[in-house]
């Protein structure tokens, strides 16, 4: 079996979509990992009410802390429980950050001023997104902010694995899982490919190293249109 | 000037069976854990709970001064929340989760879901006396079930009703004697909007300062919205210093666990 | 012609309705004059976004300033253009005041937590209020915050002259002027009387010094019910 | 980091004929007088103006650095405002008022009225992407004309549409380079809500400080809502020091007039 890109690499590729002056919100899952790769000129928003805050811990930090656990005590000096993101992870302060209530936060999320990087359970060929639940009879609906983010962003990027754990395709003709928001996805970044949602259909723009377009198509239910300049994933 | 300060027990005595109660619950801080303990102690039942995130389980947290929503379950007939945890905690908290799931299956506990944005705009609608709003979120999804849909200027919307809780339990960092409130960092969250939408607002704070000590530009919740102010006693487990200790420990454990994981990533 | 109560006395009587711990909003006209009589334990709100601020200038201040105009320069040291009420009158700061945006301000006005003292063009026997316009064809609609205040207050007190300048009654069976808010008025305080709006009708509770209930009724279109303890206006 | 600062002319070049423009206009301060001068100079026409208070007349104020809405009249096709002044100024400003009234009578200027509360909740609805709200205000009044009425849970409401202006002109006290804004006293007013609801937000400030100099708890408008920052030049008539002089003079004249009136009350 060929190797797919790691979650870190997918996150790195997704973060590359963020440009100087952009604002972004990073969802649960692979999108959270983007935080390590977001340039300083991009400001991160969190649903529970902060914008432009400092970094969470990166992979590099984590590896260092695993090797030198005594550094954790030192690190704790800078952690403040009142500065934490939507996933309750403590962030560090940064110049220019601001705090606000949830009304302001969700007006912001719906303002079409943020780029939203979301995870995904399924994406359809029209850009419909399923993210909050695998079935209609879910005893634990976890919609959270996902529907607001998918509807209200300037641009929606889904960063996810290309297939489910049982290898069934997650990029499908029509959603079989409950819809979260219709025709909202602009770009899909997976461990196998970068795919743009266009009015003509799904445009395969980049494939993972060592993978061919045919192999990616075989793991994709929806039909992929090959880009003229189809290339290997650029990191 | 009327004195709004009182004990948690006095404040919570406003709660009657069948009332709706709104709290902020998001992240490590900003949840009125001290008042929630008094709410459990008062025994009021058939309550409807509005909360941003309902994380069943974690009853052990109450013993270290944090909020315990599972403990409230026997008093609840309905939970309105955009995020029902549990799935994420299934392995560690199987037993407590069963209480939650069991009550839902037996029809003893009604769950009304939402999105965070819809949830907070419904509170604002309540605060403004609005009869309802057409929200753009949730068209063709589970959100629209049982609700009116309407196309306005070519775009579809779902009708959402206002939330106006009988009681709002609010956590602020500091109050003055008039009830003006300041928050700190992301513990602000839905607290200011809960204070505005609720018929009776009860606030717990670490600290009460004299009127005039808060910068008028920094007051987020003006005192008019605050009916009762409860100061968490300094020796209580939910006091600022003790809560901070506990939270720092939680953050530290989490970092240790993530660092260990990063050194030995699970095979995928 | 018997003397009616002065605007100042009407304002003084209206202010007497405000109790320790109350919050209030004072409308244009006679209500503005109440500011001079509001006790310190009552907090005043202004639509443009402040609560619990310090005093505007009182009558006593004004008379003093008229006699000693050199005091105005001294006074100006404490005036700040960024601290002004809905009528653009500069107020002084006070401990415990707060500033907020108009969304918060009008949520507050509709929260049923404020006592609203409003002027009035007409009040009907059911407590309907006309305040924003004298005719349907007004080229200058000046609704302002009056409809919000009339709808959203804990208690609505109308402080106005008992009759229009041409002596026609302003307390009427049915409004002839455009409605601002229906069945909203709780108490009417005029230069002739204090009248409560009850489910049974208008209850005359106090009359101005030297005036009789019959004389007040003759200047009132709606029928007044005489209170058992009808008395002279208490200041 | 993208530089959001520019001149008023550069910022106002975003305005196109037929655009809707929202401003705060309430009280002595908090009105974007400097940007309004640039808006006049740019000559864009057929504009719709949203403002809390439209006080025709007072064109002389422009010469002393304050806002002049009458001067904008030739560029406007519609004014949406809860409070149309004029009546109060009829005696002193007969000529300028005629321009206003004359254009209304000739059908060149449409006036849409509102209440202050409805006006601001419509902006919030715009900021939240809402399709509309049922407001409790204005039932059976001029407000409901041409609008849907609906009874919800026994109470009547009037349907109000969101406001989402093409351009919001905002006045703040101070900005940092990221566009985070702080206000001062009652000059805050509708500025933060205009910033949230507008498709493009342009702000004028007395002062721009380096990023990090503003207390994150005091920021009212987060920088994401600000597209262009215009600093009023220090030698301009609308600068902080010059405006303050003028406003102090206005306040003083008013006190003098009121004191004189109080010494010689008019016979009623």
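Per-chain numbering from 1; labels A, B, C and D assigned in written order.
Here is the rule we use: a contact is a pair of C-beta atoms (placed from the backbone, for glycine too) under 8 Å apart; a residue touches a chain by one contact, two chains touch by 3 or more.
Keep in mind that this is a model prediction, so the values were computed, not measured.
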Of all other chains, the one whose Cα centre sits farthest from chain A: C
Which of B-C and C-D has more C-beta contact pairs: C-D
Chain centre separation in whole Å, for chain B relative to chain A (CA means): 27
Distance between the centres, which are taken as Cα means, of chain C and chain B, whole angstrom: 39
Interchain centroid distance [CA atoms averaged], chain A/chain C, Å: 56
Chain B, residues touching no fewer than two other chains: 117, 121, 124, 128-129, 136-137, 183-185, 217
Multi-partner residues of chain C (at least 2 other chains): 99-100, 106, 110, 151-152
Interchain pairs in contact, sorted by label: A-B, A-D, B-C, B-D, C-D
Residue ranges of chain A in contact with chain B within the complex: 46-50, 57, 59, 62-63, 65-67, 69, 72, 75-76, 79-86, 88-90, 99-103, 105-106, 109-110, 133, 136, 139-148, 151-152, 178-182
Touch list for chain D against partner chain C, complex: 26-30, 52-53, 82-87, 101, 104, 111, 113-118, 120-121, 123-124, 136-143, 173, 183-193, 220, 243-244, 247-248, 251-252, 254-256, 258-263
Chain B - residues contacting chain D, complex: 117, 121, 124-125, 128-137, 150, 152-153, 155, 157, 161, 182-185, 215, 217-218
Chain C residues within the chain B interface of the complex: 20-21, 23, 41, 43, 45, 51-52, 93, 95-100, 104, 106-108, 110-111, 113-114, 151-152
Sites on chain B touched by chain C in the complex: 1-2, 124, 127-129, 176-178, 180, 196, 211-212, 214, 216-217, 219, 222-225
